[in-house]
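Here come two complexes built around subunit A, the first alongside subunit B, the second alongside subunit C.
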Partner chain A sequence: MFSKLMKRKQGDPINELSFEEYLSTHTNIHDHLPRSTISVKQKCNEIFSESFDFSERDFHLLTGRSVYICYFSALISQPQLEESVIKPLLQHVDYINNTEHLGSILTVTKYEFVTDWKMAVESILDGNILLHVDQLDPIIVYLAEKQDRTPGDPTTEYQVYGAKFGFIEDSRKNVGIMRQFIKDPRLKSKGYEIGVVSKTQVAAVYLDQYCQPEVLDHLDQLLNSYHKEHLLSIGQLTKYISKHPNSIFPQATMSERPDLVALSLIQGKVALFIDNSTFCVVTPVTLMDLIETSEDHFFLVKWNLLFIRLLRLASLFIGTILPALYVALVAFQPELIPTTLTISVAQSRVQIPLPATAEAFLMMFALDVLIEASIRLPSFVGQTIGIVGGLVIGTAAVEAGIVSHTMVIVIAFTAIALFTMPSWEFVSSWRIIRYLLVGVSTLLGLYGLTLAVGFLLIHLCKLDSMNKPYMYPFAPFDGKRFKTFFLPKR
Partner chain B sequence: MKKFGLVIIALILCTSCTTDSREIDQRTMILGMGIDKDQKTDDFIITMQVPVITPQEGGGLSASEFETISGKGETLWEAISNIEAYTPTVLFFGHLKAVVIGENLARSGVYEVLDLLDRRAPLANQVYLVVVRSRNEVNDFLDQESPLISLPSLYLDRFFNADQKLSRSREVKLFEFRRDMNMVFNAATLPFAYNDVNIVIEDMAVFHKGKLVGELTGSEAGKSELIKHRILENMNYNVAFDQEGHEVTVSARVGSTVDINYEKTNPVDLTLDISGKAEIVHLSEHDFRTTKDHLNKIQEKLEEEIKEETERTIQKMKDINVEPWLIGHEIWAKNYEFYKTLDWEETGWVDSNVTVNVEIEVEQTGQRSVLEKKKLGR
Partner chain C sequence: MNIQNKYSQLGSVELFTFTYCSAVTIGFMFLPYISQEEIRSAYFKVMAAVIPYLLLIFLWKKVVDKHQERDMFSLLKKNSKSWIYYPVILYFIGSCLYSLLFIVKSLIIIVQTYMMQDTEQWIIGIAFLITVGASALYGIHAISRMIVVIYFHEILLVITLIGFLFSEDFRWVNIPPYLGVDVLTFMKSSLSEVTRYGGIVTVFAFLPLVKKDVKVFKPIIISLLSIMATYVLICITTLGVFGYDQALTLLSPVTALMQTTTSPTGLFERLDLFFLTVWVMSFFKIGLIFIWFTATLCKQIVPVKPKREWIYITLVSSIIVILMLITPSITSFDWRPYNLNMLSVSLMVPFLILLYLKFRKKKGVGET
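Up next is the complex of A and B:
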């Protein structure tokens, strides 16, 4: 039943948005390029009309041959164009008689003969240079220099001990970063170009012999069948590769930390790097993977790791269930609260006009608004929001008699407990579940809460990521793996 | 989708077992309940101790923050219903800590009370039962402010939870009392309490067939608990004897266990082998040297005293023909055929021959140094 509910609707492929069709209105895309530079120039100008960053240069050699060069100025290395292409051409005028000679003259690492118009256009868009000497075959000179930056501190995944080094926006360089962490020929990277319009580079990185071939095949199949017009964000890719996209739980995780990704690769997972994103997707993941960080392994004593993981697991339960439990106990089963605490709760609630449920919803909503507001604002304003919001919610609301002391404690503790999770995506999922559980508790008390938690567990046990059970090693139970999760081997 | 709908319908049907939501502030929390009988009209008097919930900085309760509400009625339920009319919100028994029974009611029988406590689902089996001596009215007892703990029922709760090492009384929970009353002799014990400036909890009331028929006072209560639970920790003793012309008083604390055996004779021969470890806590003479001879003397005295007290306690129960220690029940459970020959409830217990053997060892003398040392040097 739930498989039907969770089944993904397959979107129709959008063929008409392919640029091939657009190109065919100007020329036959499978035609060879003409040998005359004038014809080539005319066609290029037609295809890349109204593109102010499209640059071209034509000049005559001393022998009288004309040379035509075109490229996108922002995507290439201008000094290299001068040093490696134009200068050698001018210096060795006499040797330019056929296309083969060009290879001996140009001081570039890679060049290729142009087979047809499709290849020419794609290569220029990739940031390469089309070089055409009159009456010779045109060639593509690989001199692309994409805009990138030096790797900096990861901004979203703070760690105390881990490497202060995050991914950048170039998938190739990110794969290179991974090679610094894992110097092994078994580290493989498969390249994909995804998105009919965006042509985004996606690299699937994995460790051969560590990664299960079925996972790779499944992923390969999925990535090759991506027919949408664009792939611009990591979220689109994650949603696409998730088997249960309607589930509230993420079936892949994002990371901008190379050390965490290296650990995941060694665990047999696949990392997907996408151009223009500083995050990579790691899949398949389990619930346990989402509560571990690579930093856990920096502890010098293994008991610290055990403690921190148990703490996170406990925090997960507290952060999700506590408000619902409070509502259920206060409104339905107060006999389960210790007597003196009941008296204290009753005292704090005696002048509150709202029922416990409304109080809980109000506080949770206010807290989430605060969190969202402080994320979107620059850090210095964010801090102010935190302080003002904390004061308003914490003190003023209690003094005004809108919420009780105990509810403030419950909500504050809940929020803090959930932030011990390393994955923000994961925190967001549990945050929504928190609302649902409070709703159920309001209607059915502890009975409803138990029922809802039961359903949640059933869903979690049913869920899988790339056919790997989400609750592994709890369900199916694997004692050995369970033990090594909390107490890793030496 | 059809299946999903069915699951939802099934769940909705299952939810009929849940109670309605009612918040803490819509309930009148009852912490202590007193039940007694009016001697003149024979009506039941129910007293309920309710904390007054007022907003307070920093939480906590002050001494005056409780009220006692009393109601009368021909039946217990009628009395409770009358109280319901006096309170703004519904009575909530989920936090009931102690049920206090008046001595008058206890003497006339508590079966009716037990039946009510039994049938009310929200009443936990964990509530403590206490009998208030007739010198206090039950409502006065519940109205008494203790300078130590704000609410009397919380006082009882803490007193028993703290596992007081006095051995003059012991907590009895509702389910324990009911269990003992269902055993072959239908006998059980409950602690006595009274108000005397402070709340005092000591001695045990002995019930037979639902009625209060006797009491065990002072150290008898301790001995009774030793025989019933087969173990007693920290019983205090004071023994005096002659030491080289001086009378020496020794205070000792004894932890003891008992092993009860019986011979299949008619009347039955019961042997109580009490063994214990003693700790000397005080000696009246500084010069008293804890040599082996002296320790033996202390041991002998302690053994004598324990034996004498135990025999006295057993005789007291034989006099009223009540055996609240489940000895007969053990014979009934382990050897039913033999039990049938004894006629335990009529003559079996009274005629039984009980031999008490006591063996005490002084384990700790508490002596760290000789107090009057001779001065060294100048």
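Up next is the complex of A and C:
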């Protein structure tokens, strides 16, 4: 069926690029580490050759026993290394007779015996320290200190009432932030290490008893079968977990706001955090989820929420249909427009050399260029671009007789209407639809527009996110959920 | 990788809207006067015409109770000889293709008359069939959900029609029925009223997909009565506004009805054009339903895997495209052949099948 075209093909695992394959060219990855520090040092230097940030230190204790320590300098806490590892070793020389004694000497929270080379290398890459006292078993001392920052104001999702801090680049700390919002033992988090090369930490957070077990199993299955070499961005993950990755509509949403994610978790969704991203993926989502924000619940009067949601739905409709409707009415069915308005439109178009369709495409394209330019530029320049583009170019284009006043109004209103949507990803999808609808209206007027809207609707009805229909609660119709969406319970 | 959950099956809301939308479009569009042989008391006949369909559904319920299976076609296959089963299914397929062709031709006339006078008929038809054919590829779940989503169209129309009852143009003097007609005219005109409900034959293919725990009898009956109420409302409003003589000459009385109104806000000067988009959407829905139904019937003849169903949908759409191109457009609205065939395929044949299934001895376990 048609939906098959939308589905993902499973890629083959990339065996030749795997971490284990590379490591096995230097050593047998399942071998125990030798007890001689010289051998360990040689092997480590071989594996981490040409890495200037790879640091090592070897020294002799007063008893004559040699000690070898290696780590990546930027990933560990140097003062803690001195205080918790080197100083205790030097102070308690006499007690260092076997590996077990090291646990009584070192003042660290966690250490572990190294079982094989694979574990040793992975631990060093994670920002831990390999400590090897000659003729004893090497251990891993957990002293990783990742580069992170304190949570700040979310930069892409502005809010008036909501919490003024967003996620940071560390998935573990982000899970911690969620625990501040939901203090419940049912808040569960599953950890994954994804990407053969990148080994990115992914955390799936959900509320037990709220989230459907089928969704969790499905996600678990998906994440465990990720065999690509890297996972570097949240977009990659979103595309991977989407059932219809070729569809124009997003089947998961991103957020950097903990309050929004907390609301989603309570609604039974799953949040996926990945390292090095300030966003998390929330899934499954429906069309209705994409037009709501947690801030909606800050309204003191429930009718405000009803109004704002109806307003967003109307804006979505207007923002998508209006340019196409304008083209259809002007080019095919002008008799539908009231007579006085028809005269105004006709007068404004008298000097315009372009047909209504070309005018619409030109203005929509100009608008999208302006939006894209203002996003990429620093905020102060972006604002200037907005003003220059909106006022100067718009006015100049009208005065030059390239576009009509009516078209400027239509496109400006269209753009503003779509910006009422909280999800930028969602807005981008509808922007593309807008072009397609204008194209269809150009060919077949209101009739073509109706057919295209019909096709669009059925496409939306086909989509699902983790098997939850995209048009839920409209279709399949769930009266209770439909009502609570517009008028939530007290 | 797929996960199964509560959303994967169809419920009572989907069944209700599917039943309603499968029947209502053509009836809605051309009620109350077609074939130039209708009489004033059309709304009485519309009320009476629903009775055979209520009986049909009642009979179906009895058959389901007996055989514990909702799929009429599958039951027929199991309980009859192949020389009965295959011709019956082929007849259904042929009739559906004929209905589809009729739907497309009606749409073309409506669109060309009211919206796109300068556009060639084949462009209108092909645009419709390509869109509907491509949409049908999404499958019955998407179709039924889409029908639910745009059900508000139907509600909007009914509300507008109720509004006409209170308008200045409406005259109750036009409403009292006139029963002084000869029996032959009465019978002939009644035929078209019965066939207005004919689309519900597609429900027999939809029912096996509904969740097992859903009580299906009630939604179908309520839906049929809702269709009947809608038809009665159209008859009364059209008759009340235009009177018998004028309404008899109209191509689409409901569209003409919409043309009589102007929006008080002045936002839409021609409200009928806005409603025409609603009509197009209604044709879109019924086109989807019939293409899916015909493809489902084709599967009864030569079964295919679900991923190969697109072959039948493409085949059905292509056949209609060819038929549309090679057949002349509708010039006179003599609907008798269509009505007779629709009466047969939607009422008589299903009745016979269900009666046969009702009185045939149930097969024992292991019996072939």
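Assorted remarks:
Everything that follows uses one rule, which is that the second predicted complex is superposed on the first by the 488 of 490 C-alpha atoms of A that agree within 3 Å, B and C clash if a C-alpha of one lies under 4 Å from a C-alpha of the other, contacts with A are read in each partner's own complex, and residues count from 1 in each chain.
Here is the rule we go by: a residue touches a chain if its C-beta (ideal position, glycine included) is under 8 Å from a C-beta of that chain, and two chains touch if they have at least 3 such contacts.
Note that the coordinates shown come from a computational prediction; the quantities given were computed from them, not determined experimentally.
Once subunit A is used to superpose the two complexes, subunit B occupies space that clashes with subunit C.
When the two structures are aligned on the shared chain, A:A356 is found in touch with subunit B, with no touch to subunit C.
In the superposed model, A:H218 lies in contact with subunit C only, and not with subunit B. In the superposition on chain A, A:T442 makes contact with subunit B only, not with subunit C. By the touch criterion defined above, A:E20 lies against neither subunit B nor subunit C after alignment on the C-alpha atoms of chain A.
Using the contact criterion defined above for the overlaid structures, shared-chain residue A:S348 touches subunit B, although it does not reach subunit C. Within the superposed three-chain model, A:D153 lies out of touch with both subunit B and subunit C [touch as defined at top].
By the touch criterion defined above, A:D208 reaches neither subunit B nor subunit C. In the superposition on chain A, contact is made by A:V330 with subunit B only, not with subunit C.
Residue by residue along subunit A, subunit B and subunit C are tallied for touches, and C comes out ahead.
Under the contact criterion defined above, the residues of subunit A that touch both subunit B in one complex and subunit C in the other are 1, 4, 332-333, 335, 339, 444-445, 447-448, 451.
The touching residues of subunit A, counted against subunit C in their complex, run 1-4, 212, 214-215, 217-218, 221-222, 332-333, 335-339, 444-455, 457-459, 461-462, 464, 466-469, 471-472, 474-477.
Within the complex formed with subunit A, the subunit B residues making contact are 1, 3-4, 7, 11, 15, 17-19, 21-25, 27, 29, 31, 51, 53-56, 59-61, 92, 94-95, 97, 122, 124, 154, 157.
Across the complex, subunit C meets subunit A through its residues 1-5, 7-8, 10-11, 13-14, 111, 115-116, 119, 123-124, 127-128, 131, 134-135, 137-139, 141-146, 148-150, 266-270, 273-274, 276-277, 280-281, 284, 288, 306-307, 309-310. Note for the complex: subunit A touches subunit B at residues 1, 4-5, 330-335, 339-340, 342-351, 355-356, 405, 442-445, 447-448, 451.
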